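You will see chain A twice below: alongside chain B first, and alongside chain C after that.
Showing the complex of A and B:
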């Protein structure tokens, strides 16, 4: 069977973007269904591709491959291509399903937005890039898709660019991830120098030694940390919540931020060859999972809680990678993509209903929004790690890998992070859904918003039971959880939930946590200020840049301007001297000559006035009349001149064609 | 598909067309300058393409392309400086805001 249709999977949304982008605002709004149709087409083709790979089991061996040579450098061919194998098939399903859910949901969420067409164009381009990223068969193509996603993320965070915070957040996100991308770019150069190719097959089969693999792996990890918002490059993700909520669900929860994890999964043999890089990955993940989880506990903005939770869950994936369990990481990536996008979509409905993002002004939504609260419950339980929701199984798999590798310290920290996770989830739940209602008017979301959530909630509820199947498909074993680890992780999750209930759900009045804040002022201050990361970066990085520009400005003013002004002053003095000479000698000679002539001219006066003056004045009159007519050409409008020049060029071309060269 | 002279000339013509459209339709001075750059680069592609396919032994076309890149870099430097100066004075980079040269 021909598998050429795989190319269409990323191509359909890309075409939708190419079609929407050049349209006018009004035409774009009418073309929105095209974008939705394109992503639904991608979803159908992804399912077909998945079934073509089924039953899988052959890790890394592509079922289909399409390669185009784009250039020859010396005698080496540089090619880009797509490949379909189990890992990309699973990722295709994740990206296209979440992408389709978000696009359908956005029909309801964004329908009042004037620039909805542009939103859909950017969303389509993003989906295309992410699908190309998971299908890419080489690091170069992956990097290109990676950068396009960065651009789309920037565009969508800054979607409401008439307001200050989204604009600043988009710039911050772009620059911070760009810092990580620099690592990825250098890694590409090192890989090419070392191997001479970019495709996964050649690069991963290369005989990596620990010495040659470590720099590459660490650079790749740095790139992944930027994209996946790991400490210390996490600062952009919470701010990225300034964008539209469905875009956050797709880009900053389910897919783009998971691209870092995906990159490490792809390059995993290099990490294994290095060893050191794995340890670094493990600790980056541990620090991120715990610290971001702690930050999520003190946020009041519902989207920020979810953002920090995303950072923390991505940390869990890095933990799995660091412990050597790339399949466990991928498993958690898949489950997390579904339940976190579900939570974000739910948050969107809540924000629409409550007209605020502050959880302190919400409450009692459980009765008013029945469908949303059920779907949200499914996502929350998965995030907290309660059996049988999907998050439980994948988190358990990560813990099992840690125990299996005898990483007991890491196991302890991960367990603590799981407890913190359960706590902030239950805090969110009790604050938003069961606390006393603060608003009378609350409306459930539109059908087009609820349907995608129901789909994602069902996936979240049952996905865990397919863990071993998924493992078989990927060619690695994902065992059923052992009773001991399952009991420990459930105990941690239950403790977190119980703690959350004790603080936030126990009383029926509005919870006031002022007492806790006053008892631990320092700890709260550190958390509320996000460990002072923003302040540090603002002071040292941004402040340093500002100081540099100020120094350069002073240099400009003193030295460059000084030189220019000095020269001018020197000339002026010189000119002052010349003036006197001018007046005395030159003027004297001229005036003398003039006096002589005047005497002579007494006779010639009439002739002069009639003939000579007549000729001169006549010429002047002709020139003046011409000037009055020609000056209308000098409109002063730059665009007028451009049109004139372009018209002249067109005439020239026509003339050349008619006359022949 | 092999990339030959016609394809490259087609690409250059397309770029030039896009650039020309942008230069004529945009109001923002920075956009206009970007469009000008597009047109300049279309010309560069032509230079390199002709050099490669018509006179591969002589490097004239390629050198000329490098030359033209340097010139356009200088030009864009001056252009941006002008835009900045205009912005300081007018608080706008719209071309329609600058009409002082009206005769």
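Showing the complex of A and C:
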């Protein structure tokens, strides 16, 4: 049987996007059914693909592969490819089912929106990218799909961009996840330098040593932490709740945020080769699961509770990965995708009905929204980890792995996080559904919204019974829970629920939470300020960068360009000086010479007149005068001659002495 | 001799320029029609050449004629895949610039003839294989660009035009010294003849330094970049597009065509220094771009950042890095061309480029806004669009080379910073509620959309199917590496 249709699974929603995106707003609105049709088509084909792998599926050779070479560099070729094997088959069902549920639900939820066509276009592109990601047979293709999902996340968070908070939330989400993506990108470079290829088969078969694997694994982990909102890169996810709720259900609960976990699952042999990276993964997960869970306890916005819950649950998946249980992580990813998207869709109905996201303004919804309440109950019980709902089984599997690996500290922390989870779930439940009603008019959601919820709720209720089957399909054993761990985890969950009921659920004597806050002001302050992560990032990272760029801009203008302009000015001054030099010195020398010559020549004339000619004339005059004087000598007077001879003798004697003769 | 296709591609625009000038301002509409016709024919010739181009054939379509035989100067044109990518970019962007500036009414005859004259120089630089010819084309480019900026530019056009001219001239004087030094050493002006000539390494070092100054100013590499923002801010839209789209690539092309093959030992010695400057250019350009309040200046600084990736790829001297460098050159021409066109189109309507005065485009002019967002995402390197291809390959190449890992990591941070300034621009200009300047403007017309559609298409095609570009560039860069004695 030809399996080429697998290509259509991501291609159908991609085509829907390509078709909708260039249309005008009005035409796009009319084309919305096309998008829904495309994702339903993907769902049908995903089921077919799953059945093609079932039941012989085991983690061996892919059932089907399709590869396109997109680049030739030297003697190497870069390819994008899809592969169908058990993991991608399971993920296909998750993504296409939740994707289809969300798109159908959105028909009702978003029908008043003017730009519903654009919403569906972005949702379609996202679905296509996510389906391509889970099918990808190499790290490069996975990264490309990963980034495109980031774009869609950005577009959908900022869907209501006329308002400030969605606008800021969208850029925050993109940039925070991009921080992680840098790690992924460098990991790709390292992999290429080490292996010379990106396809899973070649990369994972490479002889990784601890030394070569650790940097790659840690870089990949960093990328996963951004996408899956792990501490300390988690800050974007709660803000991302500014987007439309169904988009949150798909992207920020079920699928995209789980892509980080999926990446680690795909690269798991590298993590195992490293060892160190597994330990880091474990602790990232533990910290995240507990700290995010604690934050969920103090949120009043129903979507924020769910957002922190998502971060915390993703933390559980990282715990599983870190403990070496990639199948347990994948299992929890699957159950979480269904029950958390269900909770978000339920929250959407609640928000529509109550016209608020603040749980303090809700209450008594149980009677007014019967279908939603039931569906929401299924999701809540799964999240709290109550048997037999799906979350119980997968969380139990994670705890089992921890015990099996003798990670007792980690087990304790995870158990505590599970208790916290049960507490905030019951807090949410009792506040929203059983607290005294705050509003009279409350309307149940439209059928198009309820139907997808019912489907997801049913899956959530029964999925756990297929755990071992799923494990067999994936090639790793998922045993039935052992009584001991099941009892411990159920006790923790029950304690959390009971505590929630005791604080928020009792009609008679509601606990004064205000008093608790006042009694532990520091602890509450830390939680209310979300451990100061946002403040720190906002002040130091964003503010610091902003200030730095301003300084650099001035530096560029004053110093770097200043040097250029300074050189030019100096040159001009020099040239100006040169002109003066030229005029004064060079030309001056010429003129000076000329002047000197003239002066000389003038002097020469005088010289000529006075000296040369004077000499001539002087000689004549001297001769004449001498003649007169000499004439007087010849007077014939003896006294005169005596004087002359005496004088001559004196002169002669002096001359003799002087010469020393 | 075969049909002189390259001569025709290079000099047809010269005929066009003369014709447009002769038609004069009195018959300007005929003049611009001639200009557009010539640009279309020229692009058609390039396409025809590309269709007949043998990707495995190395240098081809060669035309060699004696020019000044006494001095060993020849008229030597030839083209390989790398040159072809650049000539295609030049011919396409010239045509689009002509169409985009269709409504120029101040001295249109001079305007269109200068655009065509510019094309002569740009095409010529990329196919001239004789140093003297290369130098002539290199300097020829300055003249029309000087007039385009100085005549049709903004308020500080004189300053910017002179700065552009002198700064580049300053660099090319050193280049000339390098050329003469090579000539005296080898007795030829043949660029290809000198490749792999095995010159004395210490001689290479000095010649490399001379060429470095010439090329680095053009690229531009930090800290020789400050002519660029001024030139871009003052230049009219079409000139900005060609300046960023093609002229900057002349510098990096010089490194690839001349410095690496002729001076391989010096190149190896200089590579860490160039990589460091590249990394600084990437991060510095991105950071300064973030602080800009003028859209055009932001795009100008982003160019410095992107050209840093070109230099990083070149410094790596690996097949991945060099392919990445050429891919960034091509993609930057397409994407930044798109951004400058869009900024110009917004400016035509709002009469401002100040980011603070333009907001909420998406609700008033969805087509312009959508295309601007598209170009922004292409610019920040979204996979699936052309910007990613070169950036990624440059990084991969650099990592696999002798470049210290620290500089590669610094460069990677540039990817994040690019997302920051680009999205921050989108945030303020495209999204939000319309500002006063935007309140009563019309969306793009058919002519403007026609200018942008080819660029959008190229961005997508190259981004999805990398080989559409790399099949031309890969054999060319491999030939360069072979002459270098490496890979």
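As a working rule, the second predicted complex is superposed on the first by the 542 of 661 C-alpha atoms of A that agree within 3 Å, B and C clash if a C-alpha of one lies under 4 Å from a C-alpha of the other, contacts with A are read in each partner's own complex, and residues count from 1 in each chain.
We adopt the following convention: a residue touches a chain if its C-beta (ideal position, glycine included) is under 8 Å from a C-beta of that chain, and two chains touch if they have at least 3 such contacts.
If you're wondering where the values come from, they're calculated on a predicted model, not measured in any experiment.
Residue by residue along chain A, chain B and chain C are tallied for touches, and C comes out ahead. Using the contact criterion defined above for the overlaid structures, shared-chain residue A:23 touches neither chain B nor chain C, since it reaches no partner. In the superposed model, A:503 makes contact with neither chain B nor chain C. Judged by the touch definition given at the top, the superposed model places A:34 against neither chain B nor chain C. Contacts of A:455 after superposition on the shared chain: neither chain B nor chain C is touched. Using the contact criterion defined above for the overlaid structures, shared-chain residue A:186 touches chain C, although it does not reach chain B. Residue contacts after overlaying the shared chain place A:548 against chain C, while chain B stays out of touching range. Residue contacts after overlaying the shared chain place A:151 against chain C, while chain B stays out of touching range. Shared-chain residue A:643: touches chain B; no touch with chain C.
In the superposition on chain A, no residue of chain A contacts both chain B and chain C. The part of chain A that touches chain B in the complex is made up of residues 631-639, 642-643, 646. On the side of chain A, the complex with chain C involves touching residues 25, 69-74, 76, 78, 143-144, 147-148, 151, 154, 158, 161-162, 167, 171, 174-175, 178-179, 181-182, 185-186, 188-190, 192-193, 545-546, 548-550, 552-553, 556, 560-561, 563-564, 568.
Remark: chain C residues 163, 166-167, 222-223, 225-227, 230, 284, 287-288, 290-292, 319-320, 323, 360, 362-363, 366, 377, 382-384, 388-389, 392-393, 395-396, 398-400, 408-409, 412-413, 415-416, 419-420, 423-424, 427, 431-433, 464-467, 470-471, 474, 478, 487 touch chain A in the complex. By the touch criterion given at the top, residues 20, 23-24, 27, 29, 32, 95-96, 98-103 of chain B touch chain A in their complex.
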